[in-house]
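We just call them A, B, C and D in the order they show up, numbering each chain from 1.
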Amino acid sequence: MTLQHHDHDPDADPASLVYTFGGAAPVASVAPGTVLSTWTRDCFAGRVSTRDHLASQRVDPRFLNPQTGPFFVEGAEPGDTLALHFVSIEPRETWGVSTTVPFFGALTSTLLTPTLQVALPELTWIYGIDTEAGLVRYEARDSDFTVDLPLDPMHGTVGVAPALGEVRNSLVPGDWGGNMDTPELRAGTTVYLGVNVPGALFSLGDGHARQGEGETCGVAVETAMDTVLVVDLIKGAPCPWPRLESDTHLIATGSTRPLDDALRIAHAELVHWVVAETGLSTMDAYQLVSQTVETPVANMVDTAYTVTAKFPKALLGDRAPMGGVHERLKAIARVTLGETPRKQGGRSS
Amino acid sequence: MTLQHHDHDPDADPASLVYTFGGAAPVASVAPGTVLSTWTRDCFAGRVSTRDHLASQRVDPRFLNPQTGPFFVEGAEPGDTLALHFVSIEPRETWGVSTTVPFFGALTSTLLTPTLQVALPELTWIYGIDTEAGLVRYEARDSDFTVDLPLDPMHGTVGVAPALGEVRNSLVPGDWGGNMDTPELRAGTTVYLGVNVPGALFSLGDGHARQGEGETCGVAVETAMDTVLVVDLIKGAPCPWPRLESDTHLIATGSTRPLDDALRIAHAELVHWVVAETGLSTMDAYQLVSQTVETPVANMVDTAYTVTAKFPKALLGDRAPMGGVHERLKAIARVTLGETPRKQGGRSS
Amino acid sequence: MTLQHHDHDPDADPASLVYTFGGAAPVASVAPGTVLSTWTRDCFAGRVSTRDHLASQRVDPRFLNPQTGPFFVEGAEPGDTLALHFVSIEPRETWGVSTTVPFFGALTSTLLTPTLQVALPELTWIYGIDTEAGLVRYEARDSDFTVDLPLDPMHGTVGVAPALGEVRNSLVPGDWGGNMDTPELRAGTTVYLGVNVPGALFSLGDGHARQGEGETCGVAVETAMDTVLVVDLIKGAPCPWPRLESDTHLIATGSTRPLDDALRIAHAELVHWVVAETGLSTMDAYQLVSQTVETPVANMVDTAYTVTAKFPKALLGDRAPMGGVHERLKAIARVTLGETPRKQGGRSS
Amino acid sequence: MTLQHHDHDPDADPASLVYTFGGAAPVASVAPGTVLSTWTRDCFAGRVSTRDHLASQRVDPRFLNPQTGPFFVEGAEPGDTLALHFVSIEPRETWGVSTTVPFFGALTSTLLTPTLQVALPELTWIYGIDTEAGLVRYEARDSDFTVDLPLDPMHGTVGVAPALGEVRNSLVPGDWGGNMDTPELRAGTTVYLGVNVPGALFSLGDGHARQGEGETCGVAVETAMDTVLVVDLIKGAPCPWPRLESDTHLIATGSTRPLDDALRIAHAELVHWVVAETGLSTMDAYQLVSQTVETPVANMVDTAYTVTAKFPKALLGDRAPMGGVHERLKAIARVTLGETPRKQGGRSS
């Protein structure tokens, strides 16, 4: 197998960082099948790096969550589905950062759920990241409590240009993907995104060394990431909401407010997906999903909330979901990881 | 260790089945430390047992989800916390049942989310239960698709009499427990419930051979259960919302509508719980929970919805949550299971 | 016309005040057609009467919102509809009270929408009530701003015993009525409530000298009320959710969380009501309601939220809604007001 | 008073119709103080004009709700507030149209509140509009029921370019205004919109001959409108959410999902507005708003829902809200109306 490679360094043109999905010119054009190696800045673009830094003082609120991209995918047309297989996602730094943000998060009133109460304090936590040991070190601010957490790198944000000519801020998730903030988006996963504009114009960013389900305080363990992914295209197959596929699960997503509706979208999409893969009737699939689905909340802090609905692939027998794209891209990933030194190939190589 | 045992057979007095939390006289009085062996009917009281049965024709809608109990716990007073450790939960039958119910479920309009659309069809699925193999067999109605699912028995419903003199139907979850429908409530788990009335008056029912997270269609794999549990009491410690403790996780719950608020309750309760167990400041606990919490949706189909928030006990070091009740009751469970052959976890012992 | 009269003085038996719908023995039995004269305490039972009083210090939180009743209606059976026509609602005092309550209200986090923020301050405002002038006087606490508001007396709470054996606290609204807190429930209005238990067992309370739509801070201008109402019964006609009828509008209600679902209930009920009164098809009624409905929010502060949906009776032509009950009870009201001195007949007499 | 006038005919350049807020070049530049006369197409651009027309067959779903504009306002900078006083809004045609749309509306499942149920039927209703009599004639499809409704013309959509570089479809409401669908936006009203980009870039459209509160079926009585408005600018004063001012009320708006949060935004904004106009403390204003606010739901059918919160200006005494802009623009409106015969409020002047 001879692979096409494309390396993209966002530092080559600092002006190229984008803060929207849609509304930006592509930084590169890649053919389906290309292995793309790139990296992403953390959501604060590295400007909040000590416990005494406050995001509100160091970051222009108009320029949060910079994305690397967008990339133009050759041949992508509205009605197709973009497949992005994440080969590796590796922290570039030995530290990550989380903060509280006034009026942002699940356990505070917010700009969209306002009250007359005063804000929670704005605070910053710095985490040590040990990629060799696979650990992230939490240190309390107000006591000497420390504890090591498992490193579990992921991208909070990946998406394409939205439909209907919309341009959406990179803090928002929706049917174009965007800031879904699901810990399921880790290396080894394939993400499917419906194409809305010629070239799809996908971007990615918002690396997290790890996050809890719901991202309660609104900010994960944010860090810059070295990322390798394989780009592919499924022609003529629409994908109304982003889907993920891991080695073990089909994962449907829904992003809106309230969580009720995000869950409805994710579960209805999963039912339709199971129908498509198994030939079950809709009511039979509804029944099977009801007894087997896992439903972790991804985030309840962004402008829209994201719920994921997971179905065990073991129940599919030998059926290959989505026409076998995931297995095909995994094969490319294996070649890629074999071809390249560890630092570009992910820690599990 | 000499254990107190109490066996309760709800068939001894068929009139004793109750359909509410609160508003019923106790069927028995048990002292803290008692090992209680009993059994529960399925949510349809066994009346829906073939694929051609329709719940709407065979069950009086006023009498759904019968509970075994209530049990009066000696010495329990408002402001105490009841601890119920589930030693074993075993299907009594070799079959379970699920159905769709018109205008009930997450992917249909409902009585509380009405539309002008027609209802989905009412259908029944019968599952084979193989307790030896630990499997539940799904069979599609409209095709020959069949698949084995892992058996994972649990109680959908457990609770105490509510506060403020309220009497609540057994289909509703809330701060008294009730119909939380969380798959986390399996054998090996301790449930904590705040006591609202003298004697606590707890009941249980709604056995599920398994269910998905969210209980999408509204009905799990319903089956009668043989259940053994240890009853204990934590004096002078309130518990505003039900908590669960497994060997691996602290699990806070919240039950209300919409899911957003159920999540807020569960996450806020978990933060307060972590503060109590670790001495962390509230903001430090908020941060630690944000990076580590798991947030499976329990149900989005009942009159109120339930979200669970799980915190890994490994992060607590050698701290024993809730004063060590779970470990203490596990020791009793081990003695109980050692005293009796495995199937004796059930009523026939 | 010879009217049956019944006077009920809740002070005659102070123990008779109740704090639930359901779960209480009737204080009196009345026949359909009876004119009932009674009075209700304010929601704090008079214990918060100066600007320096704090409800949290002066009122047992288990005993808020006392109701007068329940009244047993002769002949009322499940499946019937109770009709209560409010002849007059008159403040008994020259003052009313409002407060903020920690973690209660629409612009604060609450027990069911918790955050980690501190509560808003608990404060009390005393209003002067001038029934002659028809004014309620607001006085700011922190400045010398004062302004007169129109007196608009109403009952926040009226309801029957709930279905399914439930007993609900008087702070909760639902399909049994209860704490709907709609300003539409003023003198001249007929309230329809579905009967769930023999005798219906209705109660009323929570007089407001006036309130805004939504009851933003959670507490209206609370005051004791002298109230006269006519009790009637529609046999064999169910009423799934409370309805109100004024001289000008059909008013459907829905009470649940979130507001979205309360609105869906109220609008769907209104469509079904218009179908029943006009013979329009459901889709035609949906269309007509869409262009003509008024949708004031009643409350977004109670345990469930209430939305009202109002349809102009002028569009019905000469059709008499609900079989003409409202007009018939108005005729009784006119006789009643003519028979009795002003103090028992409402200020407009 | 010498007025600046600008006439804009969207037919002069058919390509000029826009379907987004943001992302479009201005069609004209106007100075503050200008009287702008223009007209707007109906939301289907006139293509659904008989009872047998179906929008799904006649309208490209990417091109719904065309806007007239955007207009560049000279001197407008981010941080300013745009004031648009609607002098007249007059139907251009003698007919309007409403429809049901599959999976759109408050009493059906939708794309964002999906279920597995089938859609309601797609139907079209044509209304006669009699501007002289001020009537809109409803005719049932399935019976011979007809009724005249009051004509009450309004714009469902008016807004500026959003912040953060976003481009939003004209079907969405938000803090930039957009598709708020509130019947309060009638002639005689001033709309205040925060400016996000140089020139503000406001557009308007979506005329309704009338609509109910909530716009239940999702489509009002849609019609093309002749509209005259006065454009003004308040320098250096931000406006976080759209405000309306009528002769009688301050009207705050909030647009998001669920309705709960839209209400919280509208009520919190109204409290802050009352504080600014009266000097009351926040808690005193919270109290006063609680007893006096009217809270009609505007729409619960668009991608976000809109709630309005109305405060009686009579309570302000002789304070002139927003520095007296409304009265100043009304004076211009009077001159404008005096200058031109009544029908000249429209395009043909």
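Here is the rule we go by: a residue touches a chain if its C-beta (ideal position, glycine included) is under 8 Å from a C-beta of that chain, and two chains touch if they have at least 3 such contacts.
Source: prediction; values computed, not measured.
Q: Both chain C and chain D are touched by which chains?
A: A, B
Q: Counting C-beta pairs in contact, which comes out ahead: A-C or A-B?
A: Between the two chain pairs, A-B has more contacting C-beta pairs.
Q: Averaging over Cα atoms per chain, report the distance between chain B and chain C in Å.
A: 37
Q: Counting only Cα atoms for the centres, state how far chain A is from chain B in Å.
A: 34
Q: Once you find the CA centre of chain A and the CA centre of chain C, what distance in Å lies between them?
A: The separation of the two C-alpha centroids amounts to 49 Å.
Q: Would you please write down the residue numbers of chain C that are in contact with two or more other chains?
A: 107, 113-116, 120, 257-258, 260, 264, 268, 271, 283, 286
Q: Contact residues on chain C for chain A in the complex?
A: That would be residues 107-109, 113-120, 258 of chain C.
Q: Taking the complex as given, what residues does chain D use to touch chain C?
A: My answer: residues 98, 100, 106-107, 120-121, 123, 125, 136, 138, 140-143, 145, 147, 149, 210-221, 257-260, 263-264, 267-268, 271, 278-281, 283-284, 286-297, 300, 305, 307, 309, 315, 317.
Q: What does chain B use to touch chain C in their complex?
A: 19-20, 22-23, 62, 112-116, 163-169, 256-258, 261, 264-265, 268, 271, 282-283, 286
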